[in-house]
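You will see two complexes here that share chain A, one where it goes with chain B and one where it goes with chain C.
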Partner chain A sequence: MVEATQDPSVDTRVPVTVLTGFLGAGKTTLLNRILTENHNLRIAVIENEFGEIGIDDALVIDAEEEIFEMNNGCICCTVRGDLIRILGVLMRRRDKFDQILIETTGLADPAPVAQTFFVDDEIKELLRLDSIVTVVDAKHALAHLDEVKPIGVENEAVEQVAFADRIVLNKTDLVDAESLDALTRRLRSINAQVQILPAVHADVALSEILDVGAFDLQRVLADEPNFLQDSDHQHDQTVTSVGIECSGDVDVELLNAWLGRLLVERGVDIFRSKGILSMAGEERKYVFQGVHMLFDGDFGAPWGSDKRLNRLVFIGRNLDRAELNADFSACLVSGAA
Partner chain B sequence: MLVRRLKGVVRDELRLGIDVPIVIHEALCSEESCSPYETIIAVLDAPPSTFRIDLPLPEVTPQMVRELIRRHREEGKT
Partner chain C sequence: MTVAIADALVDWTHATNESVVALHVGGLDTVAILGADGLVRVVDLSSGGSIWEMHLPEGPLAAAWSPDGSRLAVGTTHGVHILKPGVGVLATIEGGWCAAVAWRPDGQALAAGLGRRAVIVGDGMVITWSATVASTVTGLAWLDRSLAVSAYGGISLFDPTRDRPPKVMSFKGSLLVLAVTPDGRWVATGNQDASLHAWRVGRSDDELTMQGYAAKVTALAFSPTGRFLASNGGSEVTLWDFSGKGPSGTTPRILSGCTDLVGSLAWSADGERLAAASRDGRVVVWRVDSALPGRPCPATTQFSRRADGATAVAWVGRERLLAAWSDGTLALGTLPA
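Right after this comes the complex of A and B.
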C-alpha cells in the first residue's frame, strides 16, 4: 500500500462504508443512488455480488469471499483476505477516489469485513471504517429476522441488523403504519442504538450514511438518542443490546481485567461494543469500541463542563444485562454505581 | 512504521509480489494459559501461511522475523 500523507492535523485516511442487507432489500438501488447523485464525491465500489452496475467512471471491482482466521488460542479474529487484496490494489490508485464503499452479499457476515479494518496498523493508517449501513426491506424483513435456523447456523439478517450503525428501512410504502411500527420495534430490540432511516426507493439523504464517523472514537456515542432504550422482549430472541449508564470513576486495572475476560469468554457473542468512560485520575474521556474480540480504545476530549458519566453499549447474543451492569459497577473505584 | 518494515522482510524472504496481502496483528489475551501478547504475521497467499512470535508487536524486530521464516523454511513449513 502507499504511504499516507504525514500531516497529523488532517485525517487523510479514506473513509470506508460497508453496505449490507438481505437479498432484495434494495442495496443495489441505494448503491446506484450513491453513484449517480450529484455529491461531488468520487466513490470506489467493491462489490461481491454478481450484477452489473452501469455507471460511468465508477470504479467497481468484483471480489470473492475469502475469510482468514487470525487466532491466538483464545482470541478469535477473522479478516477478509480478498478485501485486503483489493484494498491494496485500490490504494495504489488513491488519487482516483475520495471514499470507498463495500457492498457485501446478502448472506455475508459483517464481522470479518469490519475486523479487517482493525487488525493491521498499516491498514488503520490508510483507511478508516466509517459505518456499517444495513438496508432492510420493510415488507419482508420480519420474516427473515424471525426465520428459525438450524442449530449452529447464524441468522444473517439478524447479524446485519445487530452490526449496523445506520439502517435504511426501505420500501416503507409497501406496508401500513402498524406493520412499520412492529418492524421498527423488532429492529430496536436487536440494536437499540441504531439510527433508522425510513425510505422509499432507498431515498435517504446521503449525508446520513456517508462519512458519518460511526467508528470514530471521538464521536462514539456522541449522538445516540436511543442509548438506554429498553429492548422489546415480545419475541423469543437472543440478539439484543444492553446499554449501561452510571456515574463514578473507573479503575483502569479492574476495567482491563474485566474487559479482557469478557471479550475472551463472550467475544464470540458480542458483536459490537462501544463506550465512553470516566477513568479515575484522568481529565479526558476514555472512548472505546470493539468488534467481537477486537478492541480499540483511546483518550479523547477533556470532560470540561460535561458531567462525568460512563456510557457503554453491548450488542450481541444472550447478553445478561444484570451481569454486565454488576460487573461494570465492580470496576468503579467506589465499587458501586 | 514497524509494520511496514516487517512486511518488507516477509516479502523479501518469501519473494512475494506486491499483490500478496500480508497482515500483522498483535493479539492480547488475559487468560493465564496463554501468552499475554502474540504477534501474528499472516501471509494471505494461496495457500496462506502464518508466523507467530510471543512478543508484543513493538518488540518484534526484522531480524526475528527473518530468522523465523528461515527456520520455517528449514523445517519445511513454508
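Right after this comes the complex of A and C.
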C-alpha cells in the first residue's frame, strides 16, 4: 500500500466532488444529505439539473451544460465551458468555500467535467478534482446498464459507472440479496477498482465521498482492494477494467513511447488510467493517472521497504487484456521481468 | 483611509471589502468600481472619495458606461442591470449569464449577452431585438450599426435593422474575449486554447491565428489608433502590429516584467503607454515605442505592488493610472508622460 505523502506545501486548493447518476437514482437526496448534515463546511453547488434543494447556507448555482472541444489536436479532449466560467467567478468571492459539488444531469458524460480540471490553468491552481461519485439505483440500474443503444451512441449509465471513484449503491432496501449481488458483480465488471457504498436513502458517511483524494497522485491505487479482480465478461459487454500487476523495472523511454502511443491511438476508448510503477534506477514510485488522453504523472514516495511492484489499471471500451499485458511487459528493462 | 502601498507614485488609495474585479472610468472625473460580491461604487477621481454605491444581489461579470456617462450597465451571473448613479436601478433584465455589455455609440441602446442570446435593450428599457447563438455569449461589439457577438464556435455579425441571418466568422474553439479596432476593420478574440484569432471584417479569406501563448487569452486591448493589439495569456504581454496588412507573419513585441498571469490591460489615451495588472500583485507600465519586435521589453515603470493579486487597471487620460487589487484596494497615481 502506498502511504499518502505529506507534501511540504499542503494542498490548500478547494476540493470539487462531481456527482453523477441517472435521474431518479438519488443524486438530489444525497445532495440534500450533504448540505443538511452538520459538518461546518461551506459548500457551493453547481447544478445542471433543476433539483429541489433549498438550503440557505449553501450557494446553489444553476448551469446549462456546454461542452467545448479543445483545439489541441486531441479529438476526445472536451471540457465544460459552463464550469470554467462559474468556477472562475466562485473563486474570487470573499466568502471562500470549503467544498464545491457539481451535480451533473443523468445523461451527462463525466469526461468533459473531469478534463476541465486537467486543462484549465486557473482552475488547476485554485481547485482540485476530488472524486467522481456516481449514484446508482439498485432497483433500476441493471436495466439502464443493459440498455442497447444505437451504434455510436454512448450508454451514459455505463460511462458514469466506468468513470466513478465511488459508487453509492442506493435503494438497496428495494431489492433482494441476490439481485444486489448480481448488480454488484455487474458494476465490478465495468469498474473493478471502484469502492461501492451500499445505501438506503443515500445514507452514506460523508467522509466516504467528500475529500477522499481520488485524483491525488500520491494516493493513486492506495485503497483499491479489487485490484486484480478479473472482469467477468457478461453479455457483449464492451466497457471493462484491465488491471496489470508485475515485478520488474520499467525503462522510462519505452514506457513513454508506449503510453504516448496508447493514449493517442486508444485515448478515446480509455476512460481512466492509473498506475504505480517501479522505474529503473529510481528510488521513488512513479505514479500517474489519466482521463482519456490527458495524463498527469509524477514521482511519489520512496519504495522504502515496500516490494517494488508495477500496478496499472485501465478502464475503457474494447480493452484487450493480453495485448495490454504484453505491451507493458515489453517496457520492462530486459531480463528484469 | 490609509493603506500601505509599496510605491511613491500613488496620489490616493481607497479601500473596499471585496476583491475588485473591474474599473470603469466614467465622465465627470469618476470611476466605477465593481466588487466580486456585487458592490458597485462610484469614486471621485480627484479625491478618492466615495460618491455613490449600491450592492447587486450577485457578482458582476461586465460593465460599461453609456457614452454620455449618465448610466452604467452591469452584467452579472443572472442578467443585466442598468444603473443611474445617485438614483438607483433603472432596469433589470434577467435571462442568464451576462459577461458582455456594449452601448450603441449613439447611447440610445444597449447590447447585452443573456445566456445564449444577444439582446438589444432600447431606450424604453425593454428588449427590442434578440438573436440566439450556439453557446453563451462571451463578447459584444458594435461595428457601426452592426453587432458582433462572440461565443464558442465563432463570431456572428448581426445587422439588427434587418431580418436576415448573421454573417458568421467561424472558429473551432472557445472564444473568451472580443476586441474590435476603432475603425472596425479587424475583430480579434482571445481563446481558451491559449491562442488569439483575428479576422478582417468583410474579407472572409483574411484571418489568422496566433498560437504559443502560455495560458488562455482573457484580455485584449487595441491601442487608440488601432495599430497595436495587446493580449495577455501568461506572465507576458504580447503586442501584435495591425498596421498595413496586419500581423500575419510578423514577430510580436513581448512586454515582460510580471512573474504571474497578467489579467487586465489598458492603453493610455495617447496610446504611448500600456499598463498591465498581474496576479503577482504588480501593476506595471511599458512605453510602447521602446519595444522592438522579437526582443523582450522590460517595464518602464512599476506603478505599485501589493501582496494580493492586481485585478484591474485603467488610465484616466494620458497621465493618471488607476489600479485595483483582490484585497479590495484601489490606487490612483500620476505618471508624467
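Everything below uses one rule, namely that the second predicted complex is superposed on the first by the 316 of 337 C-alpha atoms of A that agree within 3 Å, B and C clash if a C-alpha of one lies under 4 Å from a C-alpha of the other, contacts with A are read in each partner's own complex, and residues count from 1 in each chain.
To be clear about the criterion, a contact is a pair of C-beta atoms (placed from the backbone, for glycine too) under 8 Å apart; a residue touches a chain by one contact, two chains touch by 3 or more.
Quick caveat: nothing in here was measured; it's all calculated off a predicted structure.
Superposition note: with chain A as the common reference, chain B and chain C are in steric clash.
Look at A:330: by the touch rule set out above, it reaches neither chain B nor chain C. Judged by the touch definition given at the top, the superposed model places A:260 against chain B, while chain C stays out of reach. By the touch criterion stated above, A:107 is placed in contact with neither chain B nor chain C. Looking at the shared chain after the overlay, A:182 reaches neither chain B nor chain C. Once chain A of one complex is fitted onto chain A of the other, the partner contacts of A:280 are absent, as it touches neither chain B nor chain C.
In the overlay built on the shared chain, the residue A:93 is in contact with chain C alone; chain B does not reach it. According to the touch criterion, the shared surface of chain A, contacted by chain B in one complex and chain C in the other, consists of residues 66, 68, 70-72, 79, 81, 84-85, 89, 120-122.
Looking at the complex, you find that chain B touches chain A at residues 1-4, 7, 18-21, 23-25, 27-31, 33-35, 38, 40, 42, 44, 48, 50, 52, 57. Residues 17-19, 21, 36-37, 59, 61, 77, 97, 99, 115, 135-136, 152, 172-174, 191-193, 195, 215-216, 261, 326 of chain C are the ones touching chain A in the complex. Those residues of chain A that touch chain B in the complex are listed here as 66, 68, 70-75, 77, 79, 81, 84-85, 88-89, 119-123, 125, 256-257, 260-261, 264. Looking at the complex, you find that chain A touches chain C at residues 61, 64, 66, 68-72, 79, 81-82, 84-86, 89, 92-95, 120-122.
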